[in-house]
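In the two complexes below, subunit A is the common chain; its partner is subunit B in one and subunit C in the other.
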Partner chain A sequence: MYNSLTRIQNVFGFFTTVAFVVAALIAASDFTAPRTPSATIKTTNVQVVKGRPHYYSTKKEEYAIIRFSLDADLSSLFTWNTKQLFVYVTAEWPVAPAGADNMNQTNKAVIWDAIITSPSSDHLSNLGPASLKKLRKSAAGKTIDPSRGKLSLKNQKPKYQITHPTGRIAETDDVKLHVNYNVQPWVGILTWNQAFDLGRWKKMAGGVSKAFALPALKKKDGEATAKKSR
Partner chain B sequence: MRSMFSASLPFLLIAAHSCMVWKLVGLMFNTAYPAMVVLSESMAPAFQRGDVIVISNWAHRVEAGDIPVLWFEGHPLPMVHRAVEVLHDGKGKQLVMTKGDNNDHTDVALYPPGQTYVYRDQIIGLVRAYVPYVGWLSILSSEIPWLKQVIILGLLIVMLLQTIRKGDSHVGDSQHLRQLTILH
Partner chain C sequence: MADQLLEQVKDVVDGQIDFEGQKLAEILATAVLAIVGGISFLVGFFLQDITLALKIGLGGTALTFLLVVPPWPFFKRHPVKWLPVGGEPAITSGQQNIVIDEKLFTK
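And now, the complex of A and B:
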């Protein structure tokens, strides 16, 4: 016997099922779009200075400041389901093997990151009204703007100065800069740059700098405080 | 009496099924909390309040750039931020530093006193998938004090209505039966 309550239940149940299927299809559509990211990165200036984690701290630690130049083409990562792209540059160096536990481990620290929103999520970014207007204008009415994925940075100052829990980071060998990305979808799984090809998604072409060593501490008369806390 | 129990059966079934699905998904993803609702804006513009994040805890190694869910002992709620540093001390232990995308500073001030890094066992999983907006019902029912009561009251009224309806139809059946027997 059908009454309005049963009808409401049926409609609501059908709505939930349809919404779930549509979301699953949108999430699956991510795999049909090919990805061909590429990047070149090189260091331009590396220094190690002594500093404190924050103004009131008494701990003296060594901080590495790694300036770099980056050219990247991440435009293929922008699809209709991309909400934002989180691009980040990490400095990676192997852990000194002190015992069996330390085999094959790498220290990784982010030295620079940027959030690139898709025009569909511009209104969610953390910009003031003037910069938001400029950002919206740059998309020029397009709903997907792959040109935002093209990056070109020259002698970029790092956002973060990195250190090690022991406080010593000077004279570390075999440090490499890696370019990474994290695609945040509107609905679906979050994906990072992968180390291998997966169907239509190619791994990043380039994206790793040559190995370099962190120099010895800069000899200065006074001692600098690491101004930018992370 | 019996009709009231049978009217409550659909709701009990829904509750039991939801519980089972939650536990099974938790086993699938190796965590007690496979899905969570985002409550703060510290990861904007990636996550907004009311979004649901799906969490998996199979990865032993956290990588820089991952999004771990940190839940410290004794804290009522977890934190979802990005891992900006993964370093190893001399003894093979992973030390993770986190920072919200929308924050200028790392989370050191938010860790338990004396801790400057997060350990792998304080991380209950990494965010792997995302669904926008569907968490709003959960946020509203915990923040608007009367909402949960209103929803439960609504369900009880629906159950009561269905009991009354069933009672009416049973009365109709017996009358129908009597008419049939008289005719024969």
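And now, the complex of A and C:
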């Protein structure tokens, strides 16, 4: 510490140590905040259509378009350490026929997702200047805004039309929609929705739709063959 | 002339402080940074505001740099007493009483 340079080096060195310890404390403090997510989801319209993976492809594949209604309360996932919440809806169905080779295998595809930012990370959201201003105003100066975690979607159009690697997806049975989330913190580890309770963090209440079947392909001669979900 | 100028610049950039000052600088830096870290976490946790915690932390660190890095006068309150120039010892050898293995040697 005998000259300015060594003092700068020593102070900076201890600063990095302090920053690391404070970050570790912040990440650990997340465990003291209880998590009680809940959601209900149901399908409103299911269709299977023929389409191509991209414009110039010669392959024709079957795509399932699953519209759904979602009511979710993910507000308890927002703490001071939450940067973003990634919510996504997956369609899952077991590999058929069920047998020794296919035990516990599940087909899983994402049909819809959304990024919900906390007010502290609004400047990172993928919005234009007008919508960004609206988003900032909606937080009304609060440092965290758990109400952004309350979702209410009616007859939502899916973001992605799903298919199977074989290209055939019509008339598949036992399909369920699952609601999943991924909490992205400012400091700490990434966490997803849990299969079991962990201390104050509870697993999602609900979040799975009733089983439904994907219908046969829509016929071109105008016959309405898309069945409504059970 | 250039030598003397360079010497002055070197003194300013070096920022040497005496030993007691160095001890004080070390204690001050450690204490202030630790306290700032504690305050930034507690304030952020109870106000649930992470940007505020970050600002307090960085501000406190900047304050520590300002407090410890420049050679302030209060770091130079105990200057080292160097022996006089010229090779003359401050204590003459005739006055030294050296004791080795409990036997006193006097010159």
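Here is the rule we go by: the second predicted complex is superposed on the first by the 209 of 230 C-alpha atoms of A that agree within 3 Å, B and C clash if a C-alpha of one lies under 4 Å from a C-alpha of the other, contacts with A are read in each partner's own complex, and residues count from 1 in each chain.
What we mean here is this: contacts are C-beta pairs under 8 Å (C-beta built on N, C-alpha and C of every residue); 3 or more make two chains touch, one makes a residue touch a chain.
Note that the structure is a prediction, hence the values are computed from the model and not measured.
**Q** Once chain A of both complexes is superposed, is A:182 in touch with subunit B (first), subunit C (second), both, or neither?
**A** first
**Q** One more residue to check, A:79. First (subunit B), second (subunit C), both or neither?
**A** Only subunit C; A:79 stays clear of subunit B.
**Q** Output check: A:144 vs subunit B and subunit C. Expected answer is one of first, second, both, neither. What do you get?
**A** In the superposed model, A:144 contacts subunit C only, not subunit B.
**Q** Looking at the overlay, what does A:18 touch: subunit B (first), subunit C (second), both, or neither?
**A** Touch partner of A:18: subunit C, not subunit B.
**Q** Which partner does A:131 contact after superposing on A: first (subunit B), second (subunit C), both, neither?
**A** Neither partner.
**Q** What is the contact status of A:194 with respect to subunit B (first) and subunit C (second): first, second, both, or neither?
**A** neither
**Q** Of subunit B and subunit C, which one touches more residues of subunit A?
**A** B
**Q** Return first, second, both or neither, reflecting whether A:3 touches subunit B, subunit C, both chains, or no partner chain.
**A** In the superposition, A:3 contacts both subunit B and subunit C.
**Q** Using the superposition described at the top, list the residues of subunit A that contact subunit B and also contact subunit C.
**A** Subunit A residues touching both partners: 1, 3, 186.
**Q** Quick one: which bits of subunit C touch subunit A in the complex? Just the residue numbers, please.
**A** Going through subunit C, the ones touching subunit A are 13-17, 22, 25-26, 29-30, 33-34, 36-37, 40-41, 44-45, 47-53, 57, 61, 64-65, 68-71.
**Q** Where on subunit A is subunit B touching in the complex?
**A** Interface residues on the subunit A side: 1, 3, 5, 23, 27, 53, 83-84, 86, 88, 90, 95-96, 98-99, 101-102, 105, 107-110, 113, 115, 117, 121, 124-126, 160, 162, 164-166, 180, 182, 184-190, 192, 229-230.
**Q** Which part of subunit A faces subunit C closely enough to touch in the complex?
**A** Subunit A reaches subunit C through residues 1-4, 7-8, 10-11, 14-15, 18-19, 21-22, 25-26, 29, 79-81, 120, 143-144, 186.
**Q** Given the complex with subunit A, which residues does subunit B contribute to the contact?
**A** Within the complex, subunit B touches subunit A at residues 44-46, 48, 63-67, 82, 84-92, 95, 97, 99, 101-102, 105-106, 108, 116-117, 127-132, 158, 161-162, 165, 169.
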